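Right after this note come the structures.
Next, two complexes with subunit A in common: one pairs it with subunit B, the other with subunit C.
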Partner chain A sequence: MKDVELKMLERAKALLESGEVARVIGWKKGEFIYDPAPASFETVDELKDFVYNWFCGANLSKYLIQASKKEGKTAVFLKPCDTYSFNQLVKEHRVKRENIHVIAVECLGKFDVAKIKAQGVSSIVDVEVQNKEVKVKSFGGETVLNKPEILLTKCETCQKTHQVKDEEIILHDRPERDVNRFAEVEKLEAMTPDERFAFWREQLQKCIRCNACRNVCPACSCVKCVFDNPASGIAAKANDDKFEEQLFHIIRAFHVAGRCTDCGECSRVCPQNIPLHLLNRKFIKDIDGLYGEYQAGETDEGKTPLTSYTENDIEPTDAVNGEAK
Partner chain B sequence: MLKIAKERLNELYAKISESMGLFIPIKKGGEVNYHVWGEGKEVSLETLKTVKSPKNMFFPQTENMMKFKTEGKNIEILEAGIRKQGDELKPFVAFGVKACDYKAIEVLDKVFLAEPVDTFYQARRNATTIVTLACSKPEESCFCGVFGIDATNPQGDVSTWLDEKYLYWQANTEKGETLTSLASELFEKGGETEVEAQKTSTKAVLAQLPFANLDLSRFKPENLNELFDDTRWEEMSEACLGCGTCTFVCPTCQCFDIRDFKTNDGVIRYRCWDSCMYSDFTLMAHGNSRTTQMQRFRQRFMHKLVYYPSQNDGLYSCVGCGRCVNKCPQNLNIVKVIKTLGGKKND
Partner chain C sequence: MQRIGVFICWCGSNIAATVDVKKVAETIKNEPGVVYSENYQYMCSENGQQLIKQAIKEHNLTGIVVGACSPRMHEATFRKAAEEAGLNPYMVEIANIREHCSWIHKDMDEATEKAVILVRTAIAKVKLNAPLQAGESPVIKRALVIGGGIAGIQAALDIADAGFEVDIVEKNATIGGRMAQLDKTFPTLDCSACILTPKMVDCAQHEKIDILSYSEVEEVKGFVGNFNVKIRRKARYVDETKCTGCKICMEKCPSKKGLNTFNMGLNPRPAIHIPFAQAIPNVAVIDPEQCIKLKTGKCGICQKFCGVGAIDYEQKDTFIDREYGAIVVATGFKPIALDNFNEYGYSDNKDVITSLELERLMNAAGPTDGVLLRPSDGKHPKVITFIQCVGSRDTSGCGKPYCSKICCMYTAKHAMLIREKYPDTEVHVFYIDVRTPGKNYDEFYRRAVEQYGVDYIKGMVGKVYNENGKLMVQGSNLIDNEQITIESDLVVLATAIEPEPSVRKVATLLTASIDTNNFLTESHAKLRPVESPTAGVYLAGVCQGPKDIPETVSQASACAAKVIGLLAKDKLKTNPCVAMADENMCNGCSQCANVCAYGAITYVEKEFRLGGGKTEVRRVASVNPAVCQGCGACTVTCPSGAMDLKGFSSKQIMSEVEAICKM
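Moving on, here comes the complex of A and B:
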């Protein structure tokens, strides 16, 4: 990982020095190894805080909405999953493609510090990864953990590949994986409606309506969200059990249906660890079943199943009667 | 000092619940938060930080204030005051409150109990008996010590300490004594030595924590303008999503909004937590006073470290619980602000 970071740093420097770009968006060191924050770097000097490590899970694409409006070009480091969000934002005319220089960077999965802590390891100083083994160095000594167990949920089933690259920095191959990202959705589908309702109630009851899921979501790019409009008669921040449990998340899932790239940021940021991605994945699975396989963000143009009509489209009644299985 | 064997704690909870409500950290849907105890609930006193802080008990995230009908110029008040009277005013126990969260209640008291008193908050505060719990396994995001809080010796109506075998119990106030007397048959005497030993070993851990020596020296009222104008707020806030997670998990954040909700039979006036991180925070007829996320971000941290203390004899309104450190989706937090702006010792 260090070698990848060095290469990235080298490119960032070169791009800034030559004046090809006005800023580089990447990650900035935090207080620990595990708390880097998204940041933009405008000078070579600022790059002293640049970092790329196992904890750079944040998706940088959404920051490009603002960055692409600024003067001068912006270079950005995008992981495979982030490039789908990027394409989707370009497709929706939210990001000006010509103002962005995409550097596709290697990603072998990112870690969830909460999962490491849950295994009893705190005060983490460094991690060393060898295939499926992760040596976590902490004040308490060294612990060997199993990589798949400490990956961010979004990385557990990720099979995404870079869809956009103006250049790339990939030094190590990612091992082929064969995972079914719909396995959890299938479990939910197998439940009775009552069980499923109980599952979601228990999960959504935890919601504190911080709106982190919405604010981080690249598909939630409305300039003003309806829930933020005081004139709409509803308030984004009012936490009412019934509303969260039955409406807010469902409305949001519907609104991003067909546009959600399954980047998994919503679940990553939720302070209450609500598995929001399962709602979106259910929609993705249904769209695949009803209209043929479709992956949002694979390209930055073309028609999408939910926004175009063909004569062969399934009838709504058949769709609700479960033809989608 | 008294003690009660861990395996008898359920009996204690049951006993308390006979006459009072019991709010205690309970695991539900995989996360630990304060919930009302009941038989079969998964209590987790060991959890260091509940996701939501205990402030929820006195200052619920959403509560109805009144219900009324209007007809022409007439207003008919249908309901006013705390919802579900009686029910919610039944005395209750807040059990397992950590030292930082207990200090946070003092911060809230200064806001809600100052004139004009917030009667909703006051009613709940008066109805509560607080049982605090000392920390024995602080973690790296904790920095309560910086604010003069002793995690090993929390106050409250009753102070407790937990080890592998026992919960040690010491009543500090009349309310605390009354609570103890409800279940006196469950307690035995003793525990002083164990508690002292635990305090010593925890203190050693606390002194080693990475944030134990944060320097707050620059956060003084006389530096207000200088801190406000610091150019580094831009870079500190640039990744901020404006999500408000930090404010909603914070035990001392106290802002709320009051709104009306039209129903078929009348208007419900409710209040709900608000966040200075939001674009519609303190929205006025002329528009918004803070138009950029940088300004909103700055407000949150200036309030904690400068504005509040300048109005409350130097008391900071951060208690170092570290929740915002753990929960900010983009890893921004008050520690980074303190390190950037706080003082020389931070370098």
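Moving on, here comes the complex of A and C:
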């Protein structure tokens, strides 16, 4: 990780020094090792706070909406999963591609500090990773944890690879993984409608409407969100009663259907630990089943299954009856 | 303050028998905003309209709701009445209390309650209506006819004779269609080619008609009066402008074993060929699947012998873009595949043939030069059995549920012609019913039975099997109540017809609707039988439903009259209920443009003020109101709600939903 961080820092410095870019978007050291935050660096001097470690889970692509409007080019570090969001944003004309210099970076999964703390380790000072073994150094000493158990939920089933073409890449080999990202969705599908309703009701009633999921979501990039627009007639949907509360997340899932790249940021940032990504994954699974496999953000152009029509499209009645092709 | 008037129609007893119309009108009087509520026997009548006009003036109404039949029927009528009384026509809403209520309910209390809800819903909507002004769009004075059979030919000739340019797009190498394959035509027994080919020649020679044979419609954009159509001109590997139709290539071509599709595959034909003697255009075409040169690169004999250098193996598909004001769909039919009807032994016995194959066997230009010889051994069949309704009126799911309409008549024709030409032949016909309505039709059938002694047997055939070289037709004779087996030399299946499969693609391109049997749907089964629900698209021939030649020709001419009426106008009123983007909310994400079937949405860069003297340039959607058809696909796709539809705004629809849920 250190060598990757060093390479990244070198590139950031070189790009800023040469004036090729006006700013670099990366991660900035926090108070602790586990709380780095997204940041924009405009001078070499500012780069002293630059960091890239096992806790840099944030997806930086959404920051490019604003950054690409500014004068001068913006360099950005994108992990494999982030490149899908980036492509999707370019495709939807939200990011001006020509103003962005992408540096694709290595990722072997990022850690969820809450999961480490849940294993009884606090005051974390450093982590050292050897394959599936993670040595967590803390004031209390050294604890060895199993890597898959402390990964961010979004990293648990990640199989994403870099999708940005013709850009520089800082990475090394990543082992191939064979995981089923729909396993959790399948569990929900196996439930009876009543069980499923109860599950979601219980999950969604935890929602405090902090809007973190929406604000972090790269697909939620509307100039004015319907939930912030009293004229839309649904702005108050969130705080009406328990049933209506659920509609916020369900409407949001519909709005990002076919565009969600499954970056998993919604669940990562949810302070109430609602597994919001499962709503989106259900849509992704259905789209795959009804229209053939489709991964949003794989490219930054082309048609999408939900907004295009072909003669071979499934008939609505067959779709309702679940008779996928 | 809104002043809403409500008008409840009885539609004679259509509504009033199931809905207590007086109670509805009375209940609605208490609705907020309603200042007038009345019921009347026929609201669409002159007197009914007068009542509406008077109420608008007397009560100074700002909007009206008519509780009546479907808006498809009379929305235009009531809008016009409102306009005449000085009210903006788009301040009229229809509550459909007939199709949506009285016709589907039996219980009066229930139906009345529902009618009240439907009227309240329309009131909720009309309160949010805004006056709209219809715009104008120009009309391109050129028509497109898709399909060059008798329907397309007739429509094209009539339109062209009125002085408008017409293009016929025909997917085959020649126009003529199915009619060109027929031998004689009922009920007068004229030779099909003799009456069709002069019309084909008329098309070719008409200065206003452009025949685009071996071509297909690839893309359709635009709307009534302004269609933009991309046409694929398939590579025929022969230069149409050079080929003289001398046929030397056909003679010299060494690959002679292709199936002659014009003769229903009954005899071979060369890889390079002219489909039939009177083909229009009289130009050869190469079947790339069969041509040795195109498959292996070696041969080139036709090129060597072609005196005018018309052969071009390098030819590629080309595309042309044309603009049209109106489109006639005349894509025709084909007999169904008989895969589901093994009981008739069609695939196992060469001498079990379809009626269309018989047409070719009896035709002077057919594979047997018009001498009726059976396919297996070339002998003259002495006993011929016809089986009707093969795949028609079939509710088992194997065939088609509808009557193919033409089979009774052509079977009578076949039977009669055979008895006339070969009096020593015994002819049997198995039938469910004989359906011969039409001028001189039943007389025609009676002649077959009475004058020509054709043996008509009421009953279905169970199976056809081969025994010692004879075709055994086993069926029941319902009149005599007995099982019979007829030893036959030839069995002819009156195969059901279905729309040409390419109609699905055409329908998709035109956003014209088709029914479960792939027939194109007309706008109104009785009153608008040649119009498709898509404005500017008209239907002729079997693509709309089974019909014979006289009916097809009538429908084609009716289409032409509609097209001429449209093209005669210089401008059309456009529908003001179109989409509009709120630029302040638009993200420029292009999703609306992706779903727009009409290409009505483009994007522009606009500068927006951000406050504090700052500005920002954003990409925002812009709707061309002349192109937009108001389908609303963009409004439901837009995640931010920037896209809305005038006259059907999200707010209006939500307030309708709320009015329904309020109960």
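Keep in mind that, in the parts below, the second predicted complex is superposed on the first by the 301 of 325 C-alpha atoms of A that agree within 3 Å, B and C clash if a C-alpha of one lies under 4 Å from a C-alpha of the other, contacts with A are read in each partner's own complex, and residues count from 1 in each chain.
The criterion applied here is as follows: contacts are C-beta pairs under 8 Å (C-beta built on N, C-alpha and C of every residue); 3 or more make two chains touch, one makes a residue touch a chain.
Owing to the predicted nature of the structure, the values given are computational and were not obtained by experimental measurement.
Participant: In the superposition on subunit A, see if there is space for subunit B and subunit C together, and answer fit or clash.
Facilitator: Because the two structures are overlaid on the shared chain, the partners are seen to fit without clashing.
Participant: Compare subunit B and subunit C by how many residues of subunit A each one touches, and report the one with more.
Facilitator: The partner making contact with more of subunit A's residues is B.
Participant: In the superposed arrangement, does A:255 touch subunit B (first), subunit C (second), both or neither?
Facilitator: Once the two structures are laid over each other on A, A:255 reaches subunit C alone.
Participant: For A:101, decide between first (touching subunit B), second (touching subunit C), both and neither.
Facilitator: A:101: touches no partner chain.
Participant: Using the superposed model, measure off the angle between the directions from the CA centre of subunit A to subunit B and to subunit C, in steps of 10°.
Facilitator: So the C-alpha centres give an angle of 120 degrees.
Participant: In the superposed arrangement, which partner chain does A:196 touch: subunit B (first), subunit C (second), both, or neither?
Facilitator: Neither: A:196 stays clear of subunit B and subunit C.
Participant: For A:29, select first, second, both or neither according to whether it touches subunit B, subunit C, the two together, or no partner.
Facilitator: A:29 contacts neither subunit B nor subunit C.
Participant: Looking at A:13 after the superposition, I want to know if it touches subunit B, subunit C, both of them or none. Which is it: first, second, both, neither?
Facilitator: In the superposition, A:13 touches no partner, neither subunit B nor subunit C.
Participant: State whether A:233 touches subunit B only (first), subunit C only (second), both chains, or neither.
Facilitator: Touch partners of A:233: subunit B and subunit C.
Participant: For the combined overlay, can you note the least CA distance between subunit B and subunit C, rounded to whole Å?
Facilitator: 6
Participant: On subunit A, which stretch or stretches are contacted by subunit B in one complex as well as by subunit C in the other?
Facilitator: Shared contact residues on subunit A: 224, 233.
Participant: Give the list of subunit A residues in touch with subunit B in this complex.
Facilitator: Listed in rising order, the residues are 30-32, 35-40, 58, 63, 114, 117, 122-123, 139, 202-203, 205-206, 208-212, 214-216, 224, 228, 230, 233, 235-240, 268-269, 271-274.
Participant: Which residues of subunit A touch subunit C in the complex?
Facilitator: These residues of subunit A touch subunit C: 69, 91-94, 221-226, 229, 231-233, 255-256, 303-304, 307-309, 311.
Participant: For subunit C, which residues are in contact with subunit A within the complex?
Facilitator: 504-505, 508, 584-591, 594-595, 597, 603, 616, 618-619, 637, 639-642, 650-651, 654
Participant: Under the definition above, what is the set of subunit B residues touching subunit A in their complex?
Facilitator: 28-31, 33, 51-52, 61-62, 139-140, 208, 210-211, 235, 238-239, 241-245, 247-249, 257, 259, 261-262, 270, 272-275, 278-280, 283, 325-327, 329-332, 335-336, 339
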